[in-house]
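Here it is, the structure in full.
The first chain written gets the first letter, and so on, giving A, B, C and D; residue counts start at 1 in each chain.
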Amino acid sequence: MSGKVYATVDDALAGVLRDGLRVMSGGFGLSGNAEACIEALARSGVKGLTIISNNCGNQGQGLAVLLKNRQVAQVVCSFIGGNPDLAEQYLAGTVKVELNPQGTFAERIRAGGAGIGGFYTPTGVGTVVAEGKEIRELDGRRYVLERPLRADLAIVRAAVGDRLGNLRFHRTSRNFSPLMAMAADVTVAEVDRLVEPGALDPDDVHLPGLFVKRIVEVRTHKDVIEFRTTRPRPGGAGGAG
Amino acid sequence: MSWSRDDLVRRAAAEVRDGQIVNLGIGLPTEVANFIPPGVSVQLHSENGLLGMGPFPYDDEVDPQLINAGKQTVTALPGASTFDSALSFAMIRGGHVDLAILGGLEVACNGDLANWTVPGKLITGMGGAMDLAAGAKRVVVLQSHVAKDGKPKLVARLTLPVTALACVHRVITELGVFDAAGDHFVCVERAPGVGDGEITRGTGAPVRFA
Amino acid sequence: MSGKVYATVDDALAGVLRDGLRVMSGGFGLSGNAEACIEALARSGVKGLTIISNNCGNQGQGLAVLLKNRQVAQVVCSFIGGNPDLAEQYLAGTVKVELNPQGTFAERIRAGGAGIGGFYTPTGVGTVVAEGKEIRELDGRRYVLERPLRADLAIVRAAVGDRLGNLRFHRTSRNFSPLMAMAADVTVAEVDRLVEPGALDPDDVHLPGLFVKRIVEVRTHKDVIEFRTTRPRPGGAGGAG
Amino acid sequence: MSWSRDDLVRRAAAEVRDGQIVNLGIGLPTEVANFIPPGVSVQLHSENGLLGMGPFPYDDEVDPQLINAGKQTVTALPGASTFDSALSFAMIRGGHVDLAILGGLEVACNGDLANWTVPGKLITGMGGAMDLAAGAKRVVVLQSHVAKDGKPKLVARLTLPVTALACVHRVITELGVFDAAGDHFVCVERAPGVGDGEITRGTGAPVRFA
């Protein structure tokens, strides 16, 4: 079979990048980002991007670099707090922002990947989110009709991937990534560790490989922590007196 | 004498029942975890994809890929599970989260909640607030009784943009505990030394005293 | 915390069983069934059941025992081939059958558990399945509106479960079970092996424990195979000459 | 001389392209797996929750909880994955299955397919047939050219209950290979020694010969 494995993220993204691309990017804030893919997007200089991501970076880092570079025309997300680059360009009117309730955001992406034409959710009824959308009462409860989200490209990061594209995520870095991988024409996975088929037990796969078109091993990540919260070790050797 | 910040959080912690699945909103509600009474065992849900969230890690345990919805580093207790955001919000929307304790900007006596944005201020987005408010089986709001300018935050009708309609069961403020009861609030508990008058004057909707 | 663990399936089902109950049952044909729970349902003698299950047993076994016992009033499923008990009672008019396309069946159950009021699927457009349902064109494609399925009780079988209800399934026995566990008021899990919390890594859990209300260890199962298909081991010691 | 059963299956196997995700329907299509040409590597999808399905197990490998959609015991190849039915049908409905090879009862020249039930016969249910027909990127049908009573099974308009509309790209019968082309079929290949007349007479819709 023609392989899915690429040597570098630039190779993996070759032929896909263009101005006006719709890009889904997994991760929650700066955690679990496809860091090398984001850097490659920045290097490429493509413009007019629509970024579909929960936060579109934060604190000037991650996807916020694309904002700094003025490569982004629109952001579809659920939360933009802590992202001064986005706030500034949104207020200036140079970037359009479409806010979604986070659950609706996730479900719209899932619908995009699962061939669902639309779904009724109770979230957002009576709010600004429902404006212009169909409201429908079903079995005595009111719902908003929400439509699927799709993209040209999804970039996701996983802890382990095999040559067939099967992925396994670490802890809370899973978030939107499996959904986005389903909802994009091309999904590029950036994995901490690339393994041979069979190294992952079939029951251990988080995202089946058919959703991943290209895969590249990237061994080191910055893994920026937004809020490093810890507690003192009680009576520990290094504990405070 | 109204409740202190810690009193408020401690009173909120008393809302938690043994065996519940609980989601604590960002900010003050997060601190409720520190006051859950002994013998009450709950599983904390974090909407970014974690059930069974534990306390902050020791310094040498920090995992950049193990965070809560406020993007703080946390731990996973024995029996924890991780999952994607679609399943996480299926839990919320499907009524599998027993209790959400959220911050508030305004609560109306019919249970309408405003807690995500103030017109004219920099927009931050609703994140998971609308899903939690609309989906959790029971919603308890922690907020101050009145705004800094003295304007009531318990009202007959919201003036701020809605988060979800008819979703709040109970509001806890520094003055007491109030249940949304349709066309009025019911004051079910008072902070020590707080009189009817103080409550009535500070509330923008009728209050009945239980 | 008040525990979820029960000593026997009869204990686990106590207080839930009644005539007219709507029961979801995981498994694909006879594979991956909650066998002990099904036997307990049979023993209990409850009647007028609605069984929501892909096949409702097969070859006189599994859920078909409930059919034999005349405990079933209605079956919601996708396939009834190979199930003479169901065919007979369906033709006699004593059991109602509601057939669903298998993907629609799965998605309706997921919607029931996920708080989705309805969804638009392309499956079934122009077929008998769409009769009496709303047909809607969205972005140039026609869809059928399908509604959620819920139940009073779900019975599922898993390979491993911990005391908090976290489950892990073996191979293709997962099928509808995680979805059904989400969509029922009470889910009883029958697990081959019960372990302590922490024995399952958080990333290894297939179904988070909040969906499981009661859990019981059942160490042995019949594991009936409907079609035992094998191939000869080439040149193997026991191979045919 | 029309194609034998094995010829038919071998011809169907030639439809498979390297790297594809392929779902093979129950019955004759299942046998296509045995004829996939060397050098063509595909992953077989089984809608009960398996991608990367392998051949039948050796006798001592049989796992009652590892079956295909026809409930036969199978194996999982290295690189296989298992998943629940919602994700399995998300794959199908979402267009992630490149090719479905299905059995047929009737195919209309506009691509409409009937393959799940015959009125008056004992109903068995559609199982995954409607999802596969409506969702797979390409649908190839394997069937006999005419029914036992000589009635055409390639028709201008279905007479049997529909499985999915406008979904079939290609039909392979013992007489040849036919593409659904709107108001006619295009015969793109003939079994050796089969003439235009035989095809035209056995087909209930106009046929053009490529």
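The rule is simple: a contact is a pair of C-beta atoms (placed from the backbone, for glycine too) under 8 Å apart; a residue touches a chain by one contact, two chains touch by 3 or more.
Keep in mind the model is a prediction, meaning the values are calculated, not measured.
A.B. asks: Could you please state the distance in Å, as a whole number, between where the Cα atoms of subunit A are centred and where those of subunit B are centred?
C.D. replies: 27
A.B. asks: If you average the CA atoms of subunit B and of subunit D, how many Å lie between those two points?
C.D. replies: Between these chains, centre-to-centre, one finds 54 Å.
A.B. asks: Once you find the CA centre of subunit B and the CA centre of subunit C, what distance in Å lies between them?
C.D. replies: Chain centres of subunit B and subunit C, defined by C-alpha means, are spaced 36 Å apart.
A.B. asks: For subunit A, write out the residues touching at least two other chains, lowest number first.
C.D. replies: Answer for subunit A, listing residues that touch two or more other chains: 107, 110, 114-116, 121-122, 169-171, 202-203, 206.
A.B. asks: Spell out, as numbers or ranges, the residues of subunit D touching 2 or more other chains.
C.D. replies: Only 50, 76, 82-83, 86, 89, 92-93, 135 qualify.
A.B. asks: Does the chain-touch network form a line, ring, star, complete graph or other?
C.D. replies: The chain contacts form none of line, ring, star or complete graph.
A.B. asks: What is the complete set of touching chain pairs?
C.D. replies: Every pair of chains meeting the touch criterion: A-B, A-C, A-D, B-C, C-D.
A.B. asks: Residues of subunit A touching subunit B in their complex?
C.D. replies: My answer: residues 28-32, 54, 58, 77-82, 87, 90-91, 99, 101-107, 109-110, 121-129, 169-179, 206, 223-233, 236, 238.
A.B. asks: Where on subunit B is subunit A touching in the complex?
C.D. replies: The contact residues of subunit B facing subunit A are 46-50, 55-59, 61-67, 69-74, 76, 82-86, 88-89, 92-93, 112, 122-131, 134-135, 161-165.
A.B. asks: Write out the stretch or stretches of subunit A touching subunit C in their complex.
C.D. replies: Contacts found on subunit A: 107, 111, 114-122, 136, 138-139, 141, 143, 147, 168-171, 202-204, 206.
A.B. asks: Quick one: in the complex, what on subunit D touches subunit A?
C.D. replies: 18-19, 21, 41-43, 45, 50-52, 76-83, 86-87, 89-97, 135
A.B. asks: Could you pull out which subunit A residues touch subunit D in their complex?
C.D. replies: 1-2, 110, 112-116, 162-164, 166, 182, 196-198, 200, 202-203, 205, 208-211
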